[in-house]
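As structure tokens, here come the structures.
The two complexes that follow have chain A in common; it is paired with chain B in the first and with chain C in the second.
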Partner chain A sequence: MIDTKNLRAQIEKIDTLPTIPSVLKKLLSVIEDPKVSLNDIGSFISNDPVLTSRVIKVVNSPIYGFPGRISSVNQALILLGLNVVKGMLLGVSVFEAMQKTMAGLWEHSIGCAVTARIIATKKGIGDVEEVSVAGILHDIGKVALGLKFQEEYKALIKMSVDKGKLLMDSERELFFVTHADTGAWIGNRWNFPKNLLEIIEYHHKPQLSKNFAIQTAIIHIADILVRAKGFGFAGDYLIPTINPIAWQTLNLKDDEIKDILMEMEDSLTESSSFSLDDD
Partner chain B sequence: MAKVPVTNLKAGMKLIKPVVNEAGMVMLGEGTVLTDQMINKINNMNIAAVFVEGSQQRTKSKEETIKEIEERFSKSADTEQMRLLKRIMLEHVEEIYKEQ
Partner chain C sequence: MMIKNKTIAIITNNSVTKNILNQKLDSLYNALYFSKVHFALDYIYNSLPDLIILDTIEHDSISLSIVKDIKKDPIFAQIPIIYIVPLDYVLTQDDFAIFDDYIRYDYLEDEILPLTTLCLNRAERVVETNPLSRLPGNITIAKQIQNRLDRQEVFAVAYTDLDFFKPYNDKYGFSRGDEVLKMLGRLILNTVRQWQPQDSFVGHIGGDDFVFICSVDKVEGLAQEIIQTFRKIVPTFYDSEDRFKGYIDSIDREGVRKKFPIMGLSIGIATNQHRSFTHYGEIAEVASEMKKYAKVSGGDCYKIDKRKG
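Here is the complex of A and B:
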């Protein structure tokens, strides 16, 4: 058993783990600085060819609205803005470290980003770019737990699958907190914007989101739709229960849900060709 | 109509939508039958997928897909919204397999 205070301290120190890629360590030192400018981020990315090719690949994927149209890092920064590029960079670097512990979490996260974008666009609510970033990073707490407790977390995932339980419930039994809590801790430590912190913390309890209820509801529902479609792997093969308040907030009609599922069908086939591997 | 990731393109596939470059210029017109050379070119273009003639290739049968959905929903809570979503999912599967 691990007490919560101790656990939090360990999670917050995650960037000192030897298994964390060096590029992520460098990246964190850049983005933790609240005064960082577009230029700083631009030169940071451009100095690393692997990172540059990843950024170009991700910004041209269906996660964002410019498929196949962005050819330089500067263009990406101008079109998408600092927060989006910061979130995306964190996504590609953090999830790389997670591939071994939980293959499929990256696809689940991309799926959420794409679906959140589709919902926000369809309903004309929430900031489209902000919810895409939140889609990529909403499960970052799973990455944190998986990196810190690699063997235990792997066993926890296996047990959840074998017993037909939600990973979230298994997490609570072992750690007394869930990935939503650990995600908020690490997001706080890494100076994530407020909306992102609230979405990460409440994506399974959207009724508690006070300041960003719409964005949180979008991620809550996107997560459920991606699991219902069976895209990616979030640690179990179940579907969390739809929160009635989030459902009401989005007020999705039957036909709208069908349209969203159909758009997901198209976009996610496209995303499946997009992986973290550099080719 | 099928949307095929550029990495899965094969010579002989016929485009049903033009392939456009970053500047918006048409590189390969609608109706083009792809050759290996063209496929190489497309793969160097920062495009994720193109539209070709034929039906969407699916790795699973409709029956398998329905069975998986049933399983995924079998342990979910029996609430009004979950019943609604399950019904819509099953209708959605009927629709995507009907397109073939």
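Here is the complex of A and C:
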């Protein structure tokens, strides 16, 4: 058992998270291209939870003077500028251990972002990009735990798979808290905007989201739909039940669900061609 | 001949020091020599030199307290002061409060010129930067425009102004208002650099007034993009209930409670493509006139001057 206070202190000490090796390879070719535009860099960053967390962290740092305001990657890039963004990307490091697990988590996160975007568009929710950022970041707490407790976390994932448990429940047994808490801690430490913090913290307990109930419900359901589709690997092979309050909040009609599942099919096939496996 | 546009007040009654400085600085800078601090005061307070160099020969408590007084007035506190000291001199706490840099006699001949140049450049960067946005201020803006006019380049100048900024400030307070200005400064700077990395310029006049300079063919697209991006970002600077409503309740200039929409951006553009200007004030005035026109047209748009002659 790890004492929560100590755990929190360790998580909050994290300054940057590592990405996965295949992303780093592409990253270098992006940065070294002299003709690269902010738009190219933007779509590249939006497909990586760690790069997204880094950009959102930097743009919300007090240095720029508007902490906690920006939760969109494209807006962050224009406010930071090409030079800052390139410099920031140069400092990215890579996960040495658990590459396979992490590659699966990356796929799961991309899938969740894509699905969240589809649902938000369908429901006509104002800021589709913000919801998509929340989707890519929702499991950032798993990356933090994986970084700080590599061996323990690897064992935890194996145990969850072997015993047919949810990773979240195994986390609670070992740490007393889950990746939703560690994600919110680190986001809070990095001055993430309130909407992102609330969605990250409550994506498994959407009924607790007070100010951003709709967005939280979208991520909650997108997370589950992506698992149900068998896309990526979130750390276990179970499909959690959908929270009835989140279901009511979104009020999806049968034909809407059908449409969403069909669009997911197309978009996820497309994004899996953007392979994350390291050759 | 080079134009000497920087003035240095040098206070020394040591002929060796004076000779060295004379040789090293006089060809590049306007150097004025005074044998005592109080003789220099009249000049300093009337002409605001860019730099003061003080010789330790004047290291008596009266002279030092005069120099200290110069630093107490905010207008003169920005003038950097270089202190010339002997090899064995140890700087005191008082010295740290008064002086910006120092040099020992023994290095005077080799080092005074680069030291002076660095000191002057540093001071210019600090003084001419808006503390909020860190963008260059009015002196640099004027210089940037005037230099282009003098070189007879064809270019565009855009003046930007926020719509409904005052009610935002009144409702949320100045520090929230400052957040918006800092965001706007970054937005304009990076959008301009993205469209035109070379020979463009962004400055901050003060308050919610910013300026950018770019080529005539890019200015309209650039203005349009800045307005659109601002429109997308600014709602997150409102509390969520106001953002949802799409307006805020605040007080207008007459003290009447009213509903004010979410902030937008008005941009006025002037170019010397079809008419000629000789002084920067003229082109600035046209841009400012266009900005007012954009504002009375409802704001959240740009207007460009297309008049001839």
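Here are some notes:
Just so we're on the same page, the second predicted complex is superposed on the first by the 187 of 279 C-alpha atoms of A that agree within 3 Å, B and C clash if a C-alpha of one lies under 4 Å from a C-alpha of the other, contacts with A are read in each partner's own complex, and residues count from 1 in each chain.
The working rule: contacts are C-beta pairs under 8 Å (C-beta built on N, C-alpha and C of every residue); 3 or more make two chains touch, one makes a residue touch a chain.
It should be emphasised that the depicted structure is a prediction, and the values quoted were computed from it without experimental measurement.
By the touch criterion stated above, A:N211 is placed in contact with chain C alone, chain B being left untouched.
Counted by residues of chain A touched, the larger count belongs to B, out of chain B and chain C. In the superposition on chain A, contact is made by A:S71 with both chain B and chain C. When the shared chain is aligned, chain B comes close enough to touch A:I242, but chain C does not. Of the two partner chains placed around the shared chain by superposition, neither chain B nor chain C is touched by A:G104. Of the two partner chains placed by the overlay, only chain B lies in contact with A:L261; chain C stays clear of it. Once the two complexes are laid over each other on the shared chain, residue contacts for A:N60 go to chain B alone; chain C is not touched. Once the two complexes are overlaid on chain A, the chain A residues touched by chain B in the first and by chain C in the second are 69-71. Taken together, the chain A residues at the contact with chain B in this complex read 56, 60-62, 67-71, 164, 224-225, 227-230, 237-242, 244, 247, 254, 257-258, 261-262, 265-266, 269-274. Residue ranges of chain B in contact with chain A, taken from their complex: 3, 5-8, 20, 22, 45-49, 56, 65, 68-69, 71-73, 75-77, 79-82, 84-85, 88-89, 91-92, 95-96.
Taken in their complex, chain A has these residues touching chain C: 37-38, 64-66, 69-71, 75, 78-82, 193, 211.
Those residues of chain C that touch chain A in the shared complex are 132, 178-180, 182-183, 186-187, 189-191, 193-194, 229, 232-233, 236-237, 240.
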